[in-house]
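One chain, subunit A, appears in both complexes that follow, with subunit B as partner in the first and subunit C in the second.
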Partner chain A sequence: MVAETEPSNIETQFLLEALQRGQRTDGRGIYDYRSLKITGGSTPGLVTVQLGQTRVMARVSCAVTRPYPDRPTEGIVQFNAELSSLCAPHVDHTLRSQEVTVTRMLERVLRQSRAIDTEALCIVAGHKVWTLRVDVHILDHAGNLVDAAAIAAICALRRFRRPDVTVDGETAVIHDVRDRNPVPLSIHHTPVCVSFAFFGAGELMVLDPSLLEEQSRVSWFTVTLNAHKEVCALNKAGGVPLTHEQIKRCVQIAVAKVDEINEKIQDAVNV
Partner chain B sequence: MADVKVVVPGDAIDTHTEEEESVLRLGPGLIQQAGKVNAIAAGVLHASSDTNHFWVVGNRRRYVPAEGEPVVGVVLGRHGEGYRVDIGSAHDALLPLLAFEGATRRNKPNLAVGATVYARVSVANEMMDPELECFNSHTGKSEGYGELTQGFTFKCSLGMARRLLNAKAPVLNALGDQVPFEAAVGVNGRVWINAGAPEKTILVVNAIKNSEYLDGKQSKQMVKELLGKQ
Partner chain C sequence: MARPDRRDPTQIRALHCVLGQLNRVDGSAQFSAGDTSVLCGVYGPVDVKLYDEKLDRAHIEVKFRPDIGVPTTKDKWVEDAVRSTFEREILGQLHPRTLVQINVQVCQGDGSVDAAAINATTLALIDAGIPLRAMVAAATCVVRSDHSIIVDPTQEEADSALSTHTFAFSNLQTNSPAYVDSRGEFSIDEYNACYDMCMAAVDRTLAFMRTAVEGKILKETQTAL
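Up next, the complex of A and B:
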């Protein structure tokens, strides 16, 4: 039946038993990421990320708008995540909570960490700025949407090219992409999310949870950091409390993992 | 074997035969519209020339219940005189409390919410919710049906589940030679495996999942490599 179904008793029982022996149900090690594949689409600004069976597509588009009145010299960046019924049998289009989680994470990771230079998006202060729209579509939900969506969004932003603009006082001329080559966005750094799930009373931990692990977890924690090993954000929303040793350990593991992910991102954006 | 003909919904099928008078039998995936035969499922077209029988063999993941088929389900709750069971179909199935071996009014089974059962579809038509039974209603014996405890379940495509039901399935035999395990295969695309220790169960589950697109020889090779790493 197409409804939010919880995993069966033997699935959760088996998952815990296997984790207590250090094994995961898909045969991975506890700190193993699934295989990550990033592909660019036909237009710049369109990226598909595949993390194991999870598939996410991000698309960046831009338009000229008025700025917010309290921020006249900054452009606007909007994030939107969508989970349609095609991505998993239990997803109903009225279940908004997962979409909100992913959208909020993207906002924290990319906007609040100041990864995107919004002042560079200003055309004429107080009148015209660029509004960027990052749409993330979840095509297949097999666990850990946040990491995959974050990678897709940052790759799409780095591959995106906006039309070139010449400003003369108060007037601005926006050049057609056929007349002048479109220009890249100004991105300060590349944040990457690394998510962990906890089980039992919080003592068992895995990296990059699969769908079953996500449905059975008691706590969830995401570390966001960039290639310079700077921690941009730590996110823990609800669940069993974690000790500070566990948090430190998660951050250390994330620091070790971010290199591999960043290498793949660099390959995908430097095309 | 003659060349394989892959059809998609909407393809017109040529069912011309030498004997014009014989009855044409259309199996799953084909319908007759205005005197022509059209495909309504995607897959490989099969034809049996001696019985004039045509059908399409396709693979999908959503299950449509049919009477007599074994399925693996998860109990969602108790509903009056039975349990509501999720078998992956559009509607939940009903499993009556008395449809178990040795069940009487005084002695009813007690399944928890979230329990896994292996059952047989007893009623399936498009007008009613499907119904299950956990025993053979003619003999009254459970014959392998009932609650599944321990072990692990996973999902696969419907075509894969049917291949696994064959006792000679290469991947199951190759695994069974080295690792003893129990399996309950539901044609609704859910499989239950119990190999005792969790590591062994995980090994068997992943080996079966990997064998979806492999043929017999490749399956044996894959199992050999997987077991060799242990």
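Up next, the complex of A and C:
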């Protein structure tokens, strides 16, 4: 039974010693992102993101449904991150928990930060709304799934086009995509996640951890920002405690990094 | 009746493939026919669960994931189709008590997805270096409402068809298909016509696959020098 093998002691020791000298095992700088490549499919709403060797595919689709009874004027957005069995022959519980982490992060980053205008998804209040479904498939896991998945999801949402609707009182006509050009979604801002990993007693830090760094980390922290340098979310779940100076430093580094990521997102989205 | 994309009845869509994109799997292939794009990753031979262990050959497992939503029974059907096709083609006796896991992920579906899955699987198995008896390629034909037959339908063409037929053939030149799936109402003449059309389409697909694999080997040997 092939389980997800933990890194050997030699590997983690080497990693720590290199970090103590300010070097990373893959030759990057401490604050360097791996190469980021965003490609869109021929259908709008399909985006594949490659961050180093991590490869994530996001697919957005829509359907007309009834709204939630307590939110009759809002559309619904559903997120589903799946660690495809392409990542490991037998996906065990540690990998499954990563799936849940990615899904929760996407919900916080995209739904709770009010990035998507759900009121614009309403067709007939109380009866018909659009339900958006964002399926994120993780094709290759080489560390830092959260950042890659967030970029893939927001790019796919911005590239997605839903069918045009004309509402006349209580009746709505949904136009076929061949009769009327499909329209883009209403997205308020573009949140981007920047993840850090900590080692040793929490004093050593890296940006955009690789798989080995992720497996050897003692703490991790994600800053979510948008292009206006506003902090949308801070996520620290478990691990060794961090000082507030470390948190501030992480946020400052993230502010500096978000520009280059945003540039790539703009290129991919304004096609 | 003209086709929406102005193709001839016997014309398949433009084929495209990329081999070896993924790093964790042993072999991978992304196969596209027009707007239908399928990614296949293969692990093998790897450790097998005791329950599935076979003493004299490899256990073949297929996982098929759609692009939108969670897997349903339709996807299980494709899993079964791919597994039964490749159980005969993979030389499992060379790797007893191991597992060959075929993972198919649909990136974009625009008709003929099961045929694309079989094609992607062949290429991924070759990329992984898993011994095969032959290369297998598949094609889909549909009989339209005016009883004309077209090959490699898009989703729109398949939805309005009277019957759909998917055939897979190996490159061993025998006159027996490796996989057959026919649905709908059709006559035996229509079935035979679809059979012939698919065989021609499969020949072209196999030639394309061969070129793709040759290109990959050439690139590898050149960079090694």
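Assume the second predicted complex is superposed on the first by the 262 of 271 C-alpha atoms of A that agree within 3 Å, B and C clash if a C-alpha of one lies under 4 Å from a C-alpha of the other, contacts with A are read in each partner's own complex, and residues count from 1 in each chain.
The rule we apply is simple: contacts are C-beta pairs under 8 Å (C-beta built on N, C-alpha and C of every residue); 3 or more make two chains touch, one makes a residue touch a chain.
The structure presented is a predicted model; accordingly, all values stated were derived computationally and were not measured.
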Subunit B versus subunit C as contact partner of A:Arg55, first or second or both or neither: second
Per-residue contact with subunit A, leading partner among subunit C and subunit B: C
Partner chain(s) touched by A:Leu139 [first = subunit B, second = subunit C, both, neither]: second
Partner chain in contact with A:Arg21 - subunit B first, subunit C second, else both or neither: first
Subunit B versus subunit C as contact partner of A:Ile10, first or second or both or neither: first
Doubly contacted residues of subunit A, that is, touched by subunit B and again by subunit C: 1-2, 89
Residue ranges of subunit A in contact with subunit C within the complex: 1-2, 41-43, 46, 48, 53, 55, 57, 59, 61, 80, 82, 84-90, 133, 135, 137, 139-142
List of subunit C residues in touch with subunit A within their complex: 21-25, 28, 35, 37, 39, 41, 43, 46-47, 49-50, 63, 65, 67-70, 99, 101, 103, 105, 107-108, 110
Subunit B - residues contacting subunit A, complex: 74, 76, 86, 88-92, 112, 114-116, 148-153, 192, 198-199, 201-203, 205-206
Of subunit A, residues touching subunit B in the complex: 1-2, 5-12, 14, 17-18, 21, 23-27, 89
